[in-house]
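Two complexes follow with chain A in common, the first pairing it with chain B and the second with chain C.
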Partner chain A sequence: MTHPSSALPRETADITARRRDWLAVLARASRCDLEAVLADLPTVPGYTLLRPPESGAIMVRARAGGSGRQFNLGEASVTRCTVRLDEGTAGVAYALGRDRRHAELAAVLDALLQAASGGADLYEHHIRPLARQQQAARDLRSRQAAATKVDFFTLVRGDG
Partner chain B sequence: MYVAVKGGEKAILASHDLIAQTRRGDPLLPELDVAQIASQLGIAVDRVMNEGSIYDRELAALAIKQAQGDLIEAAFLLRAYRTTLPRFGASLPVDTARMLIRRRVSATYKDLPGGQVLGPTYDYTHRLFDFSLMDSEGERGSVQPAQEALDENMPRVPDILGAEGLMERELPPPGDEAPFDITRQPLEFPAERDERLQVLARGDEGYLLGLAYSVQRGFGHSHPFVGEIRLGEVSVEIVPEELGFAIDIGDITLSECQMVNQFAGSKDQPPQFTRGYGLAFGHAERKVMAMSLVDRALKADELGEDVRYPAQDAEFVLYHCDNVEASGFVEHLKLPHYVDFQGELELLRRMHREIAERVMTTEKREAAE
Partner chain C sequence: MSQMSGLDLRQVGRGFVDPVAGAQEVFRATMSALARPGLAQAITPPGDVPEGVSPALVALLLTLADFETPLWLAPDLGDESLRAYVRFHTGVPLVDDPALAMFAASRAHGAGAVLAQLSIGEDRYPDRSATLLVDVPALTGGQGVRASGPGIRNTVTLSPAGLSTAFWQAMGENHRLYPLGVDCFLCAGHEMMGLPRSSALALMVEG
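Up next is the complex of A and B:
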C-alpha cells in the first residue's frame, strides 16, 4: 500500500495521480450517489473491514497572510474507513463530516477502482459522471458569484 | 471556592424537563429541524463552528437547537463534543489563493485582476424590514447566473503589492515547522504569531470586535485599509500515513481578510505597509475583519512600536478571548458558594460586633470621666 516516495515507477505515479483524483470525487459525493453506484454493479463484491468506519477530527492548518507561517485554524470532523476486498485489494476513504456509511462505501469503491480489470470501466461509467456533476456545481456557483461582479468607477471631483 | 452539595436531584431532573419544554416553545408550531438551522441560519452556524473550534455544520446546528439559540452555550456544547473525537492528524496548510471565490472585495484597488465580486452580502441592503419574510411563503431569491464563471486566477491583494516590495512579506520561517497548538499546550508568552492566530480564530467575535474598534478609535495607532476580503470554498488535503501521499477530503468554506496598515519603518527597514490577517470558518466577515485588526495590533512589539493599549497587550487579549472559558469563569459564580459566603458573613459580623464593643467601651469610659 505504501509507495516509496522517491523514484516512483511511472506506472505507480500514474496510478497515484488517478487515485488522488477519484478519492477527491468520492469524498465529495453524497452517500446516495455512492449507494447508487454500488447498487448498479452486476455483483456486490465481498469485503472485510480492516478499519471499521470511524469519526474523528483533523486540525485544519493555514498560513498567516495566506503565504506565511503555519498556524492551526481549528478542527474539522472527518470519517475514515479501510476495507479489503475478498480478492485482496485494499481501499481507503477519508471524507469531511461524520457519515460512516459514506466512508465505507467510498473505501469499497476505492478498492474496486484500483482493479486491473473493471476499474477503468467503473471510473468511466460511474465516477467520471460524478466528477462532471461536481464540476458543474462549482461552475454554477462561480457563475452566480460572477453575476455580482462590479466595476467601481471613481467620480472625478469638480474644481468648483 | 465552591463545595459539593448533596440533594436537589429531583429538582435538577425537573429543571431538565422544564428547559426542554421551554426550548420546544409553542407545541402548536412545527418543531425546527437541524437541517433547517444548518441551511437557513448559516451565519449563526458559522459563528458557533468558529467559537466551538470545529468545522461541522450539522453539529453546530444541533448545538444551536439544543442551546435554544444561545450561541455561546452552543459553542460550549461543540467544544465539549470535540474532546471526545480522536485526532487523525493535521491538514496541509489550506491554500486560500486557490479558493472557489463567492465574494471578493478590496477597498484599496478598484481594478484588480479577477475583479471585485460582491457575492452574498447585506452591505448594500437598506436595512429595512422585508415583511414578506413574515409570511412562510415569502420570497425565494434566485440569482441569474452570469454566462462566464469567475477568473480562476484571483491573486490575493497583498501578494500584488508584495511584488513591488511595498508590503511586509509573509513567508514561512526556515524549516516551516508544525505550528504551536493551544489544544495541546498551555498558552506561552511571549506568544508567537501561530499561537496568537489560533487563539484569535476561536476567539469571541464580540470581544474581538470591541478590541478592533478600540484600535481604530485611538487606543492603538492603526490606519487600516481592507486590502481584500474573500469568501469561498477551499479543499482540505491530508497525507494519511497508510497512503503516503496527499489526498483531498472535501471542501470547507472560509472567510479571509487581509488588512493593510501603515508602518513608518525602522533603522533596518524602509517604510512599508504591514499586514493584519484574519481567517475563519464559514461566512464570518466581521470576525475576520476584527481578527485582522487585532492581529496587526499584537505585532506592535515585533515592529518596535510602543505597547500602550489593551489591544496591543498579548496577555490581556489572548487570555480573555475565549468565550467558553470566559463564560465558565464568570458563570461559575452562580454555583453554590455557601461555605465561602458564610465565612465572609461571619467575618463581617465579628467586625461589626468588635466595632460596636469598642464604641460601647469608649462611651462608658467617657461617661465615667
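Up next is the complex of A and C:
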C-alpha cells in the first residue's frame, strides 16, 4: 500500500502529518485533560455529531521484534466519533477504550485544531504541553523497564 | 475500492439520529414490506438527507448497505454528496457496473433497464441476487398494477407514480425467473413498499 500522503501536494502532506500527530495526542490524553482544554477556550463553537460516539473492537496487529512476521496481538475496544463545526470543518477521533465523551471531545478539538485562525494557538498552548507530558510519562516507563532488563547469553559449551 | 481519505466530510450529513434504533426500525419495515408486497410502510427518516433523494431510499441504504455489499447508484440519482454520505455512514464500496452490485438504486426513469442488468442469483444460491431500490415521485397516482402471490390475500392493487410500462414488463420477466430474480423496493418521501420476486404483477387496462 502506498502512503496516502505521498501523492498529495506538500502543504496537504504537511497538514496530514501534523494532524496525525495531534490525533495521537488527543487519543492518548485523559478525558479530564480534554475537558480542561475545552473549558479553557473563550467560546466553544456549536457542532453536529455526524457520527455519534460508538464503540467497537479492532484487531491490534504487531510484528515480532518490530520487524518480523506480522501477527494478531489481540482485540482492543475503540470508540470513534465524527463531528462537524457549524462553520463547516469536520473533526474525527478514534481512541482506545469505551469513553464516548473522550471521543467526542477529541473530535471537536481535531476540528478546532484545523482552523486557519486559532488552530496554531490552540496547538501551542494546549496540545504541545499534553504531548510533552505524554512523552515524559513514556520515557519514565521505558527507563524503569530498561533498569530491569536482563541480558541472557550462553557460554560456549566445551567439546570434550 | 474507494479510500475513506478521499471523502469530503463538509458534504456529509447525519445518519439516523439514534443509529441502532433507527436501523432496527427500518429493517423491521423492510421485512414487513417483503412479507406484505404492495403495502406502503413508514420509515424512520435519517437526521439529514442528501439532495435529490427520498428519505426512505436513504434510510434503506443506511440500514441494508455495508462494506460487504457493493452498491451501484444510477448516475442521475443524487450528486456527489449522496456518494460521500453513503460511503461515510456505511463503508459501502460503490461499483460502476450494475452486474457487480448487491444493491442498486435508481430513479423511476431507467429502473427497468437497470433491473435487466442486475444479478438474479444462482440456482444453488438464489439469495445471492441483487436488490433494487427505486426512487419514485409518489407511491400512488400512477398506472394501476394488480399484484398477487405470497403475502397477498387474493390481489392487491398498487399505483406507484413515474414507472414506465417497460419497467413493469421487466418486473414480469423477473417474476418468471422465480426462485431466482431481483427483489425491489419502491421509495417515496417517508414511505416505501416491497415488490419481491414472488409477486406476479399485471398492468391494469385503463378504463
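We take it that the second predicted complex is superposed on the first by the 130 of 160 C-alpha atoms of A that agree within 3 Å, B and C clash if a C-alpha of one lies under 4 Å from a C-alpha of the other, contacts with A are read in each partner's own complex, and residues count from 1 in each chain.
By definition in this document, a residue touches a chain if its C-beta (ideal position, glycine included) is under 8 Å from a C-beta of that chain, and two chains touch if they have at least 3 such contacts.
This is a predicted model, so every value here is computed, not measured.
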First, second, both or neither for A:20, with chain B first and chain C second: first
Dominant contact partner of chain A by residue count, chain C or chain B: B
Partner chain in contact with A:95 - chain B first, chain C second, else both or neither: first
Contacts of A:62 with chain B and chain C, given as first, second, both or neither: first
Touching partner for A:72 - first (chain B), second (chain C), both, neither: first
Which superposed partner A:82 touches (first chain B, second chain C, both, neither): both
First (chain B), second (chain C), both or neither touched by A:54: both
A:142 touches, of chain B and chain C: first, second, both or neither? first
Common ground on chain A, meaning residues reached by chain C in one complex and by chain B in the other: 54, 82, 92
In the complex, chain B residues that touch chain A: 49-50, 53-56, 58-59, 82, 85-97, 100-103, 110, 115-119, 143-150, 156, 158-159, 169-173, 176-183, 193-195, 197-198, 201-202, 232-233, 235-236, 238, 240, 242-252, 256, 258, 275, 277, 279-281
Sites on chain A touched by chain B in the complex: 1-3, 5, 16, 20, 23-24, 27-28, 54-78, 80, 82, 92, 94-98, 138-154
Chain C to chain A touching residues, read off their complex: 3, 5, 9-10, 12-15, 19, 88-89
Chain A residues touching chain C - in the complex, by the definition given at the top: 4, 48-52, 54, 82, 84, 88-90, 92
